[in-house]
């Protein structure tokens, strides 16, 4: 029962990797926002398998279809239903999963919780469910395009394995990120990372990494005391992504080594605007945006599905050895970038509408 | 409008540091759970100011009163209203805040969002709001005492500034943690940390750190795909605490440097129970508990309120210098421990009831 | 943003009468419930146009397709997505609506609220949206078939225009109701009602009426104080149906003329079971079911779309005369019966899961 | 777990008739609304016992105290906590209820659901819980006073027993309603109703009736398709009040006897405003307000607590005779008027904020 996200901008996703398809229903989107399938396809293409040599070679076009909520090219204010049909499903490739639990996957926990599971391709736990998230984020992006055009959300790969990009988040440009298949902030460095990913794949192994995200042009005042602080909702949003293991905002874990006098962000006036000299807060103070860039990072573990042999147990409690066949990503990071952006956009859209509800006439 | 937490075990908190008091209303608690004010007071005392020489010397007894929802010493199944009256309020100590924005505090963002703020003691942004959280957690603890007695939640201070405790989370005992005012897992090491805190305070400065939390005896099957994964809800819960800047579960940020073959948690049978040899997953796989210990960490920034002089601006846009008077914590970590436990208990209680709703008769 | 119903058994519907189709996503359904498309089709066929001579002759097979949430014939515990493709759409038949507001329809209010509307066939306001509700109810019925097999929900037409059925609700049988196209509790009387409907249709006019619903075998204890009383949630559920104007439970509006001494339901013991001699409460006391039959009634206004000429205004503010073309129901009552049942089942399913969450281990 | 009402304007109530007190926490109220305890007291006084000779003579001043959310006489945008201490509690007067189930009360259903109940004065099921609702409504009224000053909500008693007031709702004035203790729309007729109530009380019996409510000056566009239609949420709101048995809006149950051609509300232009000649819709079309008066009625059963002897059973399953002692209302209608207004205001406030969230910039 956790398949809906948001209080006002509400995204409900559905679907398993094998079955009719996957999709999302977006409720609460303001009316008269221009929207067409092409607007969604751009981000879906950034998420889809087979987009480059360093991701899984599965061939899914992931063509989306808008079934409702749009009329004459504009949103109606009623639910927007979008889906993507499943195409390149190969249930037979997963036959082993029927009786084996893949290590560090959800096979065992789903079976234990529900007493049943769709073992074909991981079912609901497949990364294929993130199509619904990307749709939800892409529509939020269109909403902001109309209502807050200056707002932009740019994620990129900060780290793969032990290789860390040096560039400061505030200097990262979406164009450069998209210019290379790793979504690394500097295209030149990216070559080295691509070789690393290819080498690890050839060893039958996998890599983890960190995605960083920067939100520019966010209005002041988004976020709610006390439980729905903006960073709390961002944390929940990205920690709900498959394979995520950590979240930090602004100074994050490194900031704990500083003294208060070093860490505090001094205020100053820039014309009529209150600004901060540093941004260790990461754009959020007391749970509410202060107008500075929102900057946060998400840790993704190395992909659990690997070609190397692993020990595990089966549904009947017998020990077994497993060696993943099928087609898998050696590193989820490049495809995680649009997912992190999508979740971020959903959180911002929800809080934008919440703020407009309560404080609409104040500012 | 973000003052309620949880879907089934619902905690609504209210109150400012200066005003009538602070409190919580807990809705959804099962009936017939033994509950008395003393049950709540234990954890409130672990949170309250003045409990030791390394926390703020404010004198607030924080005596709670249960106003509803309990009859004959047992919960009724109806809302439990609990409050703590404000006592040691000194609004005059905060007069400066009426016109100045404290760096890295919420003064500016609240003013910008609402066009008004209770500047006395930080109002709703005061750590005093966490009293409501501690109450919500303490009642959840009583619920588990009745329904899942083997479940325990133990948090402790893993790091203060650059000093890191070495003990493995699985070996930490609540008794040892509570034996020293830092809530450090090893009482002997704690002395060194106390001295560090005292020194930094004497310099008019402050420290950050990391709280770690371990949940033992958690039932298999808690957590919901896809947005309400247990780690997502834990992340939101603790990232809503004042001063938190990061969250990681299991292997966390360090895990991204491993290969999949090192990182995966191999399954094996322990009698009839499916177990994992390692616990890099941190007790959660695919968003659902697998019965291993849940282990996560929360980063807290150095306290923003410091006696050292800082530059800032005022509500009229003028530059100013600020030097905190009042009575403040030099390090929030010792008092953050019961807060992290409380938020964790609230998340677990909510997911326990959610699981019972959907899967109650399966297992 | 009001397209989701229920807290635990959650039904989200989407779709306009003209567009890709209509559908529903059901989240929170327990796992391992047998479910196939045929289970849904039975109730969809009771709702669909063209099923008899007294309803609209539109030809829509309303064949549903389950896209997710079911595996090997059983529910997975993950969202169940079901849709029905739009087929017999004739947008040109509605061209007039582009510029005219139909009296007592939602054309004007949608335009005023959203600044845009899908004027083809009423868009989201078309009764076609109730397909999603019927799907949500049919799945709830399957859930109860597994978890509370004795529970049954039977609605029927109590009144059409001024003709009132005399039969006592407790004696009404589903088989008899389904034996005639009006869904009248006595097949013989139904003939007279059919003739009335045909006559009014031939006059280019329409009729209203009352649906009554009886729930048998409902467990004791469903419903929550104080806002989510069972009758409150039932009222909301059926008052959200198109054309509904009133709701009453048990003695209803007539009961206000009685004295307390006449109206009170005396308790007595039937074996070990507490029962009431009369049932003016309608099966609910203090918002919670008492195990007696739940009995309530819903008033539906005469259908707004009529062939007779009516005065109205256009989107530009000009006066105009309107005479509905298209194909319409002269009386919504027969098709309202499965809708009322569906909404009732959704409410009961939600409260059943809510009760299991909070009180699961008490009884 | 049903003690919170509303999605954006959220009212959580708590408290039993015997215990510390009763109260409400209001979350989501816009900031900078003038608010003082006196604003709430006016409506609390209209609800309280002992206000006139025809209601229960219990003596409770029901003095409220605002504990949070207000600063310098204005709302802060943070939760507003208000409570009323219990004073005239006489638990001994209810000793019989410990072992007996009062007919048509909630004693049995609470015991069955929760396995425990506060039998003193009905506990949570006492009408005393409606204090929280009146507080929630009074704050909504202040909000509208600031944001939509032309909006007014006026309820009155339309019927007591078989006596029905003749005045048209649109002509009813709040001043006249408040001029007599029955809250009857015509003060002269009220005398007769007072005598009826007194006579029935002297017979140890009780009366039911109907409250009618008219909302004037409501903005166009409130209400959401498809489940959260305004009439659906109004129905839920008032059907959650103690003793309510029915709801109808506009033409209601009587309208089902009309033909469509009589029932439809013809549109016409009044200057630039779209209006309807008749108002059988009751101000709502397609679930959304059309700017006409919202008019609806609520049926209340005769009070269940009567002095006459009644048969019942006890908690151990033994037959018994019960004769209510204590102090009770012979007719709940006069005190139901402010409750109906409060629930209406809460629904309107919630939908006003919801509309502002989604459509804020359109109009």
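The letters A, B, C and D name the chains in turn, as written, and every chain counts its residues from 1.
The criterion applied here is as follows: a residue touches a chain if its C-beta (ideal position, glycine included) is under 8 Å from a C-beta of that chain, and two chains touch if they have at least 3 such contacts.
None of these values were measured; they are calculated from a predicted model.
Participant: Farthest chain from subunit C, going by the mean of C-alpha atoms per chain?
Facilitator: B
Participant: Comparing the two chain pairs, does A-B have more C-beta contacts than A-C, or is it the other way round?
Facilitator: Most C-beta pairs in contact, of the two: A-B.
Participant: Need the CA-centroid distance for the pair subunit B / subunit C, whole Å please.
Facilitator: 45
Participant: Between subunit A and subunit B, what is the separation of their C-alpha centroids in Å?
Facilitator: So the centre of subunit A lies 26 Å away from the centre of subunit B.
Participant: When the centre of a chain is set as the mean of its C-alpha atoms, what distance in Å lies between subunit A and subunit C?
Facilitator: Using C-alpha averages as centres, the distance is 39 Å.
Participant: Where in subunit B do residues touch at least two different other chains?
Facilitator: 1-4, 8, 13, 28, 31-32, 77-78, 113-115, 124, 225, 354, 357-359, 362
Participant: In the complex formed with subunit D, which residues of subunit C make contact?
Facilitator: 1-5, 13, 101, 103-110, 112-115, 124-125, 129, 159, 161-162, 200, 204-210, 220-221, 223-229, 231-237, 239-240, 242, 244-253, 255-269, 272, 274, 276, 280-282, 284-290, 299-306, 308, 310-313, 317, 319, 354-355, 357-359, 362-363
Participant: Which part of subunit A faces subunit D closely enough to touch in the complex?
Facilitator: For subunit A paired with subunit D, touching residues are 7-8, 28-32, 77-78, 147, 225, 353-354, 356-362.
Participant: So in the complex, the part of subunit B that touches subunit D is made up of which residues?
Facilitator: On the subunit B side, the touching residues are 1-4, 8, 10, 12-16, 19-23, 25, 27-28, 31-32, 65-69, 71-72, 74-81, 83, 113-118, 123-124.
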